[in-house]
Structures are given as C-alpha cells and as structure tokens.
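What follows is a pair of complexes built around subunit A, which joins subunit B in one and subunit C in the other.
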Partner chain A sequence: MTDAAADRRRRLAALARADVGLLEESLDRLDPAPRYDVLKPAETGLVMVRGRAGGTGGQFNLGEMTVTRCVIRNDSGTVGVGYVAGRDRRKAELVAVFDALLQDPAHADRLERDVICPSERRREERRTQMLSRAAATRVDFFTVVRGG
Partner chain B sequence: MYVAVKGGERAIANAHAWLAEERRGDPAVPELSVAQIREQQRLAVDRVMTEGSLYDPDLAALALKQARGDQVEAIFLLRAYRTTLPRLGTSLPLETARMTVRRRISAVFKDVPGGQVLGPTFDYTHRLLDFALAAEGQPSPAPSAPTPLAETLPGVIDVLNREGLIETQVAPADEPPPADLTREPLRFPASRAMRLQNLARGDEGFLLALGYSTQRGYGRNHPFAGEIRNGEVVVEFEPPELGFAIELGDIELTECQMVNQFAGSKSEPPQFTRGYGVSFGQGERKAMAMALVDRALRTEELGEEATSPAQDIEFVLYHSDNVEAQGFVQHLKLPHYVDFQSELNVVRGMRRAAEAAAKPLAEAAE
Partner chain C sequence: MNHAALPGFADAVHDAQGAFRGLLDAMSHPGRIVTLPAPRAMPPGFDAATAALLLALCDADTPVWLDAAATPGAGWLTFQTGAPVAAEPARAAFAVVVASGQMPALDAFDWGSDEVPEASATVIVQVAALAADGGWTLRGPGIATQARLLVAGLSQTWARDRQAMQAAFPRGVDVIFACGERVAALPRTTILEA
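And now, the complex of A and B:
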C-alpha cells in the first residue's frame, strides 16, 4: 500500500467512527463551503461479515451488518468515498466530502487537526476506559495452603 | 391447501388497532424509547441481531418494541427488513484474535497470558431478585485499574498449545467463497461453512437443548471451555471504488472455543478437537451452545459413530432456524377448512367400514 493510500485508510477509519455532530461543525467552519457533485447518492445496504472457523480456520458467513455509502466529486475533481457502519446517510456523505478534502494538501493539515485527531483521540479514550475496567475484573489467583 | 376467504378485512384492521394499544400498555406509564431498549435491554437486542443475522442495534431495538418484546417475532421482523436492502459486498474475515477484549476467560488454563478477565458478567451473581432495581437510580461507577489490559490478547489455545495436543484451525490456501444461506438453500453434505452460518443464525433454545443433550450422553464429546472472549472487533471492507480495504467501524462479538477429547482415528492421532461458536454482542450462552453443536456435527468428519440427534447434520440444520420453524408451526392457524372437510369424509368412511366389519362379528357372537 502506498503512503497516500495508508494515510487515506487511516483517515477513513477515523471518519467512520467520528461523531456526526463533529463532522457537521467542521463543515460549517469551512469557508468557502466545499462544492461537490454526488456521484453515488448515500445509500444504505448490507455487508456480509465473514468469520473463520475456530477464529483462524476456513471462512464462513457470520451475518450481515448495515452499512451506508456515498461517493462524491468535489469542484477540484477529487473523488471522495464514504463507507460507514449503520444507516446514517448524512454521515456517509460527510465522510465522502472530508475524504476528498483530506486528499488536498491545502486542507489536509488543518482537517487532520480539527477532525481526524479528535476522532482518533476519542476512540483511544473509549478503548482505554474499556480496557481499564476490564483490567479491574482480572482475577488474581492465590493458592490456599491446606494443612501446611 | 388453503382457500382465500374474504370478509375478514374489518376484523383484521380492528385486531391490529387493538394490538397497537396493547403494545403501548397503560398510557399512564411512560413510553419506552428505542434508545432505552437498545441501552437497557441489550442482551435481548444482541439475540435479535444474532438470530436475525443483521448487526444493527437500533433496528433490533425497534423490532423488539414492535414485537412487544417477543424475540422470535423481532427476529422475523429483522430478517424481513434485510431483504429490502441491497448487498454492498463482503467484509474481510474478522480477526477475532485482535479483539479489544472486555471479557476473556479460559476454563482449561489457569495462567493464561493477560489473565482471566471477567468483564461485565452475570457469573457469580447470586440470582437473587434485586428489588433496588425496582426503584430508579444510578449504579456506582465500575472501578478501573490503573493499567489497562493489553490492546489485544492472543488466543488462549494458540498460545498454550506447545505440545500440539489441540487441533489447529488453519485457513486453507485458495479458499472458494463460503456458502451463503441468504442466497442459496441448504445442501447436503453441508460444508462446515454452511453449518457454521446456519448455527450462527440458529435458535438459541434449540442449540442450547442440543448442546445440553451431548453433555448428558447423547453424543458425548467431553467438552471444555477452552476460551470465551467478548469485545469489539474491527470490520474491514474493500470498496470497489478504492484499491484497498478500509475500516467500516467496530462490532461487538462473543466467541467460544470449545476443546473436546478425541480418541483419534485412522488419519488423526489422539488429540483435543475443537468446536466453534460465535454471536453478535454478548450472546455467550448461544456461543457456547453453538460450539458444542458445531463439534457434535463434526462427528462424521472425525470418523466417529453418529448415534444422537445433535450429531445428525440434516436434523440439526433443518430445524435450527426459528423463523422457518415458527412459520410452519404457525401456518396451522390459517384456514384449513377444505383440508379438514376432506379429512372428515375420510374418517366418516373409516368409521362406517369399522362398524360394518364389527356387525357380523357381533351377530355371530349372539
């Protein structure tokens, strides 16, 4: 994977988990507002989630999840893609808009700071909180010596 | 045979209006929101997602509200809804070893790397009704340890199988796409992929009873809970518009690795074999039952003698789906007037024949 693709992948992962309110606010702050054409209007569909037998063996179809996608092209001709878990069509469109903007060096640094970093930080905080709570439920075994 | 019977429209409309009122219950009691069901009846939501075979907590909560809490009805609603959506594609296989773990226990190895992590569990509760919950109030916050767990915990069996006494599960090279029951009917012999998909969608009660039957001796396979883990797993997907996979988000999953004694066969040395169970959310009992039944259905593959219902692949797979099962059972409510009329005629004929046959005997006895 090229560096550009790796960057885009990391940003899309952050955007997919971003709070939709944060995306709307960031969009409102952009001046001028980004202009774009919708290539594929936001649409909700299904992605079949695959698992593996025993976790590591042959593949099988575990069940589906709802996913919403949207594809746009902005006025500089950059295509933006949004694929997010769930049924929020507005979010999928916003992700596609930011995906296109973030490919533009003129916007990338600022949006990285205003949108990507807060989303990544929030995910990390949530994860640390969950793992800290889990760690508090770890069993400390001790052996009771009988007789002696 | 059913016949179209006209004239029920008004009765049906009125029945549904009454159902809507019953669903709401006493209007003096505040109405439940979908978000409340999603947050506070989470295990019901998880079961509906697992057996509805669709991960979407909000939709599952809505289905439960509409179904007045009836799980099988809610599962039916979710299955029906999914047929209205297009298939966008297929995820990369989940990497459950990289799960962000809330709970991870092993009943076979005490000292597992990362430790035994209980997570938010009903285990070790006293099963005494907690009347404090009848009053409203906030629980005290759960303690946090100063050091969080590692970001990922490797699979217990993979780490502690140094002697190679436990069967390994290796992804075959050049795998064909696995069977998909949402697009093709059950076929026999059923591949493990087809079986696992069927069991993952299967009715928890049915699988629980079958799993239990193997423990009681109907197809005994000496199971141990090798590892149970619950947490969040990243779902990756390769959009056609991009040349690489991206993360769609995270789903909550519970996975059970059952480890079973096995005496060996012509081709396999004595070892522990494995059964696998997995469910959306915190469906731990379902995942355990599924793992027991998955192992039981491997009877033929492992060269064991099939003697019990849980080992009968056709029996299990044909009867595990509660949407199909409820449909066929409940179709008995549809008008069978003509069927029954013809059966009445048959029984009348049989009765006459029996009486005619009895008469000469009775006369002879006199």
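And now, the complex of A and C:
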C-alpha cells in the first residue's frame, strides 16, 4: 500500500470514529462551505466481521455489523467515501465530505489538526481509560513449581 | 474525467422500483413501448433507459457483458451496482449491446438449459429508434391478437437469427430494446413474423 493510501485509511478510520457533533462543527467553520454532489446516497447494510483465533488460527465469521456508507464528489471532482458503524446517514455523508477535502493538499493540514487529531486523541484517551479500569482488576495467576 | 464517479437514480429506491415496474409492463406486453425513470447521469454512449435497466436489475450476483462500445461504462456499472463484468457473452446474466449493428449472434449468449431455462441471459440492445407501428408483427403470450414493433439499427440477419431461436424454446434469450428513455421487450415466448 502506498503512503497516500495508508494515510487515507488512517484518516477514514479517525473520521469514522469521530463524534458527529465535531464533524458538524468543523464543517460549519469551513469557509466557503464545500459544495458537493451525492453520487451514492447514504445506505445502510450489513458487513460480515471476520476474526482469526490466536492470530494464526483459521478465519471465522464473528458476526454481522450494521454499516452505513455514502459516496460524494465535490466541485473539484474529487470523490470521497464514508463508511461508519451504525445507521447514522448524516455522519456517513460528513465522513465522505471530509474524505474528499482531505485529499486536497490545500485543506489537508488544517483539517488534520482540527478534525483528525482531536478524534484520534479522544480515542486514545478512551482506550487508556478502559485499559486502566481493566488493569485495576487484574489478577496474576502463577503455578508453584514443585520438585524443581 | 472519471466515468465511474457518476450519480445513479435521484431516488435510488423509488426510481429503481419504477424502472422495474416499467420493464415488467414491457415484458408482459411484448412490443409495448414503456418510458422508464431516467438516472441523473449516464456513462458515455449509454441511453437513459439502458442505464436505468442496469441500475434496476444488476447486482453482485449478475455478471454483465458489455460490447466494445459499452466498455467505457464498466467502471460506472461496478461502482453503482457491484456487478462483475463478464469477459465472454456466454458467461453473462445480462448483456449490454450499444453498437446494435455489430451485435453478436444470439447464440453467443447463454440460452439456459431445458431443465433451467430461466438461467439464460437477458440482452439489452440499445437501438436507434423504436416505434409501435410498422416493422415486425409479434404474436404470443401477452398479445391479444398481434402487435407491431419497428426497431431501427439492427443487422439484416437479426430477425432471421431471432426466428431460428424460437425452435429451441424454452431455451433462448429475452431481449430488451432501449432507445432514449423508452424500452420495448421481446421475450423468448414471442413469435416474430418479419
């Protein structure tokens, strides 16, 4: 995968996890407001989530999850896609709008700072919080080696 | 210009249902000319009705064969419907013929088998003109006595080729003619009298 593709994947992940309020606010702050055409209106469907036991085991189907997706094209012709968990159609459209904007170097740095970074930071905070809560209840088991 | 990134129907659900309903009307009354809802944009070379039929009918389970003139629409088709593009006409569930004069012979497409005749291909042929007066005389199911259908832009041998197919019934292909926003159908049950 090229760097650009990896970067887009990271940004799309951050956008998909971002709070819809943050996305709305960031869009309102943009001047001029981006103009775009919806190529594929937001639609909700199911995606099979696959897992692999122990990282080396055979692939198995964990279950289906609800995903909403949307494709837009902005007035400079850039196509943006949005895939979000759940049924929030507006959020899928917003993610697609930001995906298109972030492919334009003129907007990329500012949006990276205003949208992507806060979203990634919040996710990291939530992760740390969850880990520390789990760590507090950690029990270490050990087996006394006999006859060693 | 990226031809794949074109919008589909303005109202994905209702327009696709409208196109399906229109096609049902055309198929159940062979020779009847029906107007379908038009998508917001079409790939180069595609008429509105051709694009509307593909949007309403195709999905990931229906391989579509495109003739050389329809190839620029491959990206659009995959983007909008998820349908795979078939390399051979014989392996396609749907076929799109934009250059109607150079259409392959009907037996190039999948006719199904006597056990599963419904597994055959449906061929969408984009033609220069469609009219309900003059041209062929049609008889068969869905037609009270007889219907007339004039199709412009087919090769000289097309009608003979179609008549030869009638002997293989229930095997055969169903043909939909598209012109602008209008379609007319020629299902395999219809007897064509030139």
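The definition used in the following text is that the second predicted complex is superposed on the first by the 134 of 148 C-alpha atoms of A that agree within 3 Å, B and C clash if a C-alpha of one lies under 4 Å from a C-alpha of the other, contacts with A are read in each partner's own complex, and residues count from 1 in each chain.
Following the convention adopted for this analysis, contacts are C-beta pairs under 8 Å (C-beta built on N, C-alpha and C of every residue); 3 or more make two chains touch, one makes a residue touch a chain.
Keep in mind the model is a prediction, meaning the values are calculated, not measured.
Superposition note: with subunit A as the common reference, subunit B and subunit C can be accommodated side by side. In the superposition on chain A, A:59 contacts subunit B only, with no contact to subunit C.
Contacts of A:77 after superposition on the shared chain: subunit C is touched, whereas subunit B is not. When the two complexes are laid over each other on chain A, the CA centres of subunit B and subunit C sit 80 degrees apart as seen from the CA centre of subunit A, to the nearest 10. Once the two structures are superposed, subunit B and subunit C can be ranked by residues of subunit A touched, with B on top. Legend: residue contacts after superposition of the two complexes on their common chain; A:38 is shown touching subunit C, with no touch to subunit B.
In the overlay built on the shared chain, the residue A:125 is in contact with neither subunit B nor subunit C. Between subunit B and subunit C in the chain A overlay, the least Cα distance found is 7 Å.
Residue overlap on subunit A between its contacts with subunit B in one complex and with subunit C in the other: 43, 71, 79. Listed in rising order, the residues of subunit A touching subunit C in the complex are 37-41, 43, 71, 73, 77, 79. Chain contact summary for the complex, subunit C toward subunit A: residues 1-2, 5-8, 12, 79-80. Contact residues of subunit B toward subunit A in the complex are 49-50, 53-56, 58-59, 82, 85-94, 96-97, 100-103, 110-111, 114-120, 142-151, 155, 158, 168-172, 175, 177-182, 192-194, 196-197, 200-201, 231-232, 235, 237, 239, 241-251, 255, 257, 274, 276, 278, 280. Here subunit A touches subunit B in the complex through residues 1, 5, 8-9, 12-13, 16-17, 43-67, 69, 71, 79, 81, 83-87, 127-139, 141, going by the rule given at the top.
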